[in-house]
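In what follows, structures are represented as structure tokens.
The following pair of complexes shares a single chain, chain A, combined with chain B in the former and chain C in the latter.
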Partner chain A sequence: MEEVRIGVYVCWCGSNIAKMVDVEEVSREVEKLPGVVIAKDYKYMCSDPGQDLIIQDIKKHNLNRVVVSACSPRIHELTFRKALENAGLNQYMFEMANIREHVSWVHTDRAEATKKAKTLVAGAINRVKWHESLDKRHVDIDPATLIIGGGISGISAALEIANAGKQVYLVEKADKIGGYVAKLDLTFPHMYSGKDMIQPKIDKVMNHEKIEVFLNSMIDEVFGYVGNFEATVKAKDEKEIKFGNVIVATGLKPFDPSGIDNYQYGKLPDIITSLELEEMFINGQVTKKDGTIPKNIALIHCVGSRNTNYHEYCSRTCCMSALKYANQLRSALPESNIFNIYADIRAFGKGCEEFYTNTSKKNVMFLMYDQQNDLPKIKKAGTGDNCDMIIEMNEKLSGEAIEVPADMVVLMVGMKAHENAKEIAHAVGISMCGNEFYIERHPKLDPVATTTDGVYIVGTCQSPKDIPDSVTQANAAAARVLATINVAHMEVEVTTAVVNEDVCCGCQTCINVCPYTAISYDEEKNVSVVNEILCKGCGTCGSACPTGAIRSRHFTDEQILSQIEGLMSMQLQI
Partner chain B sequence: MANEKPKLKVAIYWGAACGGCCVSVLDVHEKLFDVVAAADLVFWPIALDFKYKDVEAMPDKHIDVTLYNGAVRNSENEHIAKLLRQKSKIMVAYGSCAHMGGIPGLANFTTKEDLFKRVYEETESTVNPDKVRPVPKYKVPEGELELPEFYNDVRALDQVVDVDYYLPGCPPQTERFVEVFMAIVTGAELPPPGSVVGANEKTLCDECERKQTENKLIKEFKRPWEIQDDGETCFLEQGVICMGPATRGGCGARCIEGNAPCRGCYGPPSTSPDPGAKMMSAIATMIDSNEEDEITTIVDQIADPAGTFYRFSLPGSIFRRKLFEKE
Partner chain C sequence: MEFEPTIVSFLCNWCSYTGADLAGTSRMKYAHNVRVIRVMCSGRVEPTFVFKAFREGADGVLICGCHPGDCHYHEGNYKCLRRYHLIKKYLDQMGIEQDRLRLAWISASEGKQFAELADEMTETIKSLGPCKVKNVMETLT
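Our next item is the complex of A and B:
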């Protein structure tokens, strides 16, 4: 092994670190540690002069490793790695000790904080001794894209990509594309026809020379990695396809209200779901099962949503749909009474609050109930009552227990993840949160990507959302896909896991734990094999491996144990 | 016989040991003649009547090879370990106890005080109203009696003296001992000091004949007697903890062939600093549940987890012993 020559740089971060940590003492003390050639402190290490200091020292003192003790590596690790590269050193010969977020910002005793800073730097110094050069790698991107699901999200993404001249494979489970939007009569808040909106897009997709649509089809399992995926489309005739990116747009499943006893769904004839009402509007007639006009119609909001017994989340669209129905019913049945039995009205979209205000002026009764603890109860009306059903409820605003007459009850059912969500997640290698919606890479900063490179999630498979949000996501994912196709190749993780075949015993413990299906079993050699392009370097396999045959690059046992040793040794000295 | 090489001088010693390691040497049976033809046994307390003073009288590096078995548990074990180190060219940690601390090392889960209290006061068969305990020095009319001092910690051999080779096993397989011994006798090139010899680099699964798949999902941990073993399926896949994945092969999978799971006596491969921690991590990934309560219930089914995962390796592991609050 070459002689270890470490440069250590302690940042003041203006007064951010320096006011609570004696940075000069830290620098003085750590300079005495074995392997450290030079240690300095500087006002702003991340500034150009700060970085320059490192670059000059690397050249002047022939440093081969660098430790910067400053803020969180999330902020400036890449900055300093770049500086190392500029000085001709491999960027992984670097380690950062966080003495701002982990020390100066969270402590009040200067002496103790200084001790802790020294300890963390000593750990980093011990760790960096074991660092190894790692090289960047690239993969080529196949310009075709697989889109799973032919609803509004899948259709939008498909057109966006195909119109840019790139091949799209659109796989739809049903016998036609269009999804739930094609089943909508009108859409809130502008009352445009859903069918009219989506039909031209459906036609375009079906006739697009760059889009191959597979109906009545499913994807079995996606193999490969970003840029180089392949899968078999399962339909009447199986077909092998190859593609560089995947957009998952599998959509939603409506909540089934039959599990809610209070609502008697399926037990009394004229209790229907919002989707069944939608169908009546499309067919042009809202009637009871016996063909007569309902005199009293109640719309119950939040069915299956915002209640820990069913789903804790808000389905985001049902309030506005219920207002839409109130409007439609008011026009269709001017003589009927309309009751919106709601928990809160969530009218957050563009034009939605206005729509709510408007609706409230149309002779619609709004009654509020307690969604958490006190659901309304529907029962069959007595012979003397002038209606078919009675809804018993405690009206929250008036504080009165009331009975609402009803001849038709519409349950505003929420959205659930699609019944195939789990299967698809497994097939493409993405994760689901507790309620089976897919997890985005970052909830705020990267909401359409997933932790699997090259796989994107759009529309209601990610969480309940309305049409404009779904289309926005679809277009965003399409832009991401087109960007990678445009670059033609992409950088892949280098801090991957590697199997020592001399030690691996073939127990296959690692295969199940890999979230990226990057590990396979080589039967002939009786060892596990890591696909380094699929591997994201999460380290799960390394910790699960009972033999120690799997080494996580940049997180090796030597590196981590040495870091701990460094931390402990400084603690003992102090 | 002309040109005969001088015979090797061999010492065999037991520290805190059960005697099994010495028996494994005797188990060479008729090969004993080959051993004796090639080596003079200059010290072997279990079989031959040499005294410590005989060893003390030897010049330094007089002994070619010492096979030290047993852990270091008391001042006598330590003294002889240091003495033999001084007198020997090659020091071999022979068997699990010398290698990693072994079964006696499990005492590091407790303290000397707790052990003495249990053994000399509390066991069901003890009658000791005066609470007499062993002491290193005791005056009697005839003079002063001396006993070795019993330490609070059990240590592996290399925690006391430098060790050249480790020959693992509880006890080491006699065939592997003979191989290593004959390699030394014939002057074959020896591996670098610090190596484990007489064992494989790959772990036991590699030589295990049982069928194993990636399907290691455990809903319920079972003791070996609680399963209807088909003799073919991987023990882990039947919910029985088997240390095979974390333990070097080389033993010939004898426990497995006897339909018992591996207990880990051959220790970890060179890539694994702590077989207990490694195996616990691996087992954790096999638990077939994502519900915290259910996971706790499943984990609670593991009888004596510390003793299971660290059965042979506690003193030599990263954490060495259970820590106790200072009084």
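Our next item is the complex of A and C:
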């Protein structure tokens, strides 16, 4: 084995790390460890000068291993791997110690935090000694794309890709595409018709020679890896499809307000959701259940949103939709009283604040309530009242307890993740946050990609958003997909399992534990064989193998055991 | 001086490591005794890793994976769970208190739960005192 020459770089992350960890001490101490040639600390390792520092040192000191002690590897591992590659070193000769998310941001005792940082770096140093050069595997990219979900996001992405001449498979669960936009009468703030906007796009998709639409269909499980996925479309007639990329555009599910006692949804006749009001506009008439015209209409904002009992997040579109309804109602029923019962008005989109100002001039009453602690309460009006319902509320701005008359109450329901979000996450191998919206690769720098290469998320499956934001994401993902198709091949991780045939005893334990049926049995040789294309590198077979014949590349026994050793030895020294 | 235990923890990349990262980005504070080792899946955690940690002087070992049904690799966490019960039995035979090993499910959004878990586990191990295995092994050799 060649002499191990490790360079260690301890990042300050401005003051993010340096404030709680004595980075100079860490660097001084770990420099004494065997194998470490040089250790340095620097203000921002991820910056260009920081990366240059590593590159120069690799050349100058003939380093063959690098440890960067900084933020989470989930953030910058790839950045530094690239730096190694630029210096002519194999990118896997790198290990990261997470002393920001796991140390400086979570601890309050500087001495203890510094100690902990040292142990983590020592662990990384010990681990990297056992790293081996791995060759990236180049794979060809199948130019077809699978898009799951035929709402505005899925449709937009499909057209972008298909118009570039590439095949798209669009799988939609419902019996038609168009999603929620097709169910919108008008859209804020320009009052364009949702239906008119999306219908030409629907027609284009349905008739596009490069788009195959599967209606009433679902995707069960996606096999393979970036560039080379395959799946079965579950429909009346099952069909096997192959594709190189996936765009997930599964959309939203409206919040069900029946769980909020104060709002009496489903108990009193003329309490409806915003979607039900939308339907009335599409059908051309806003009426009560008894067919008469409502005189007093209240729109309650933030239903199911921004309240820790339901969803803490803001659904982003309901405020503006409520203003849109106020406008529509004002035109349709000029004699009516319109009450917008709101928590805060969030009018942040282009043209939206102006829309709010305009609406407020149209004889619409705005009443504010406490969204977290004091929801308005709807009750049936008494016989003497000149209305059907009374909304009791503490109006926040005036500080007065008031009673709002209502003949129709519209609940502005928020957005939830789609009911199939979990199934789809499993099928394509992506993660969900606590609210079941999908997690992007990086919230700011890579918001449409996921941690699974070749899988993108667009529209409301990622978080609540309006039409322009959904379309923007869809087009962004389409551009990303087209870029990979254009290059036609891609590098993929090679951290798969590999069998040492000399040690394998042919017991086939690994075959039973592999979740991807990636291991088969070679009867002639009496050994297990890993199909590297199907293997996703979970390492379960490695832990189950009784003889140690299976190595999980980049997570080998030696690497992890050595990391434990390093971590503990430093622990005992200090 | 109060006993400060060292707890070696194995976190799966997809849920638990991300959850621990979230505790960091949310600036939640927890005990400094937990040292994290990243694995792709809790199913990768071999019994050897656990024994090695104790052998090297760890006072506790914590394994975290995705919640049942949420494993990025379908069912690696179930395999981990099975092994966990076996390891516990074995620890007992080796004279290591079973409570020194813990398996918990932490999702990518459970930063708070991870911070609480780290505190809880630290308290448990503090009450158990230092693990003597390393010393015993050294006396024996």
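Assume the second predicted complex is superposed on the first by the 363 of 574 C-alpha atoms of A that agree within 3 Å, B and C clash if a C-alpha of one lies under 4 Å from a C-alpha of the other, contacts with A are read in each partner's own complex, and residues count from 1 in each chain.
The definition used in the following text is that contacts are C-beta pairs under 8 Å (C-beta built on N, C-alpha and C of every residue); 3 or more make two chains touch, one makes a residue touch a chain.
Quick caveat, the model's predicted, so the values are computed rather than measured.
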Chain B versus chain C as contact partner of A:513, first or second or both or neither: both
A:331 touches, of chain B and chain C: first, second, both or neither? neither
First (chain B), second (chain C), both or neither touched by A:526: first
First (chain B), second (chain C), both or neither touched by A:557: both
First, second, both or neither for A:543, with chain B first and chain C second: both
First (chain B), second (chain C), both or neither touched by A:565: second
Chain B versus chain C as contact partner of A:100, first or second or both or neither: second
Chain C versus chain B, contacts on chain A by residue: C
A:502 touches, of chain B and chain C: first, second, both or neither? first
Residues of chain A contacting chain B in one complex and chain C in the other: 513, 540, 543-544, 557, 561
Residue ranges of chain B in contact with chain A within the complex: 201-206, 212-217, 236, 244-246, 249, 268-273, 275, 278-279, 281-282, 284-286, 318
Chain C partner contacts - residues on chain A that touch it in the complex: 72-74, 98, 100-103, 105-109, 112-113, 115-116, 119-120, 123, 426, 429, 431-435, 439, 451, 495, 513, 515-516, 536-540, 542-544, 552, 555, 557, 560-561, 563-565, 567-569, 571-572
Contact set on chain C toward chain A in their complex: 4, 6, 8, 13-15, 17-18, 20-21, 23-25, 27-30, 32, 35-41, 43-49, 52-53, 56-58, 72-76, 79, 83, 107-110, 115
Sites on chain A touched by chain B in the complex: 500, 502-509, 511-513, 521, 526, 540, 543-549, 551, 557, 561
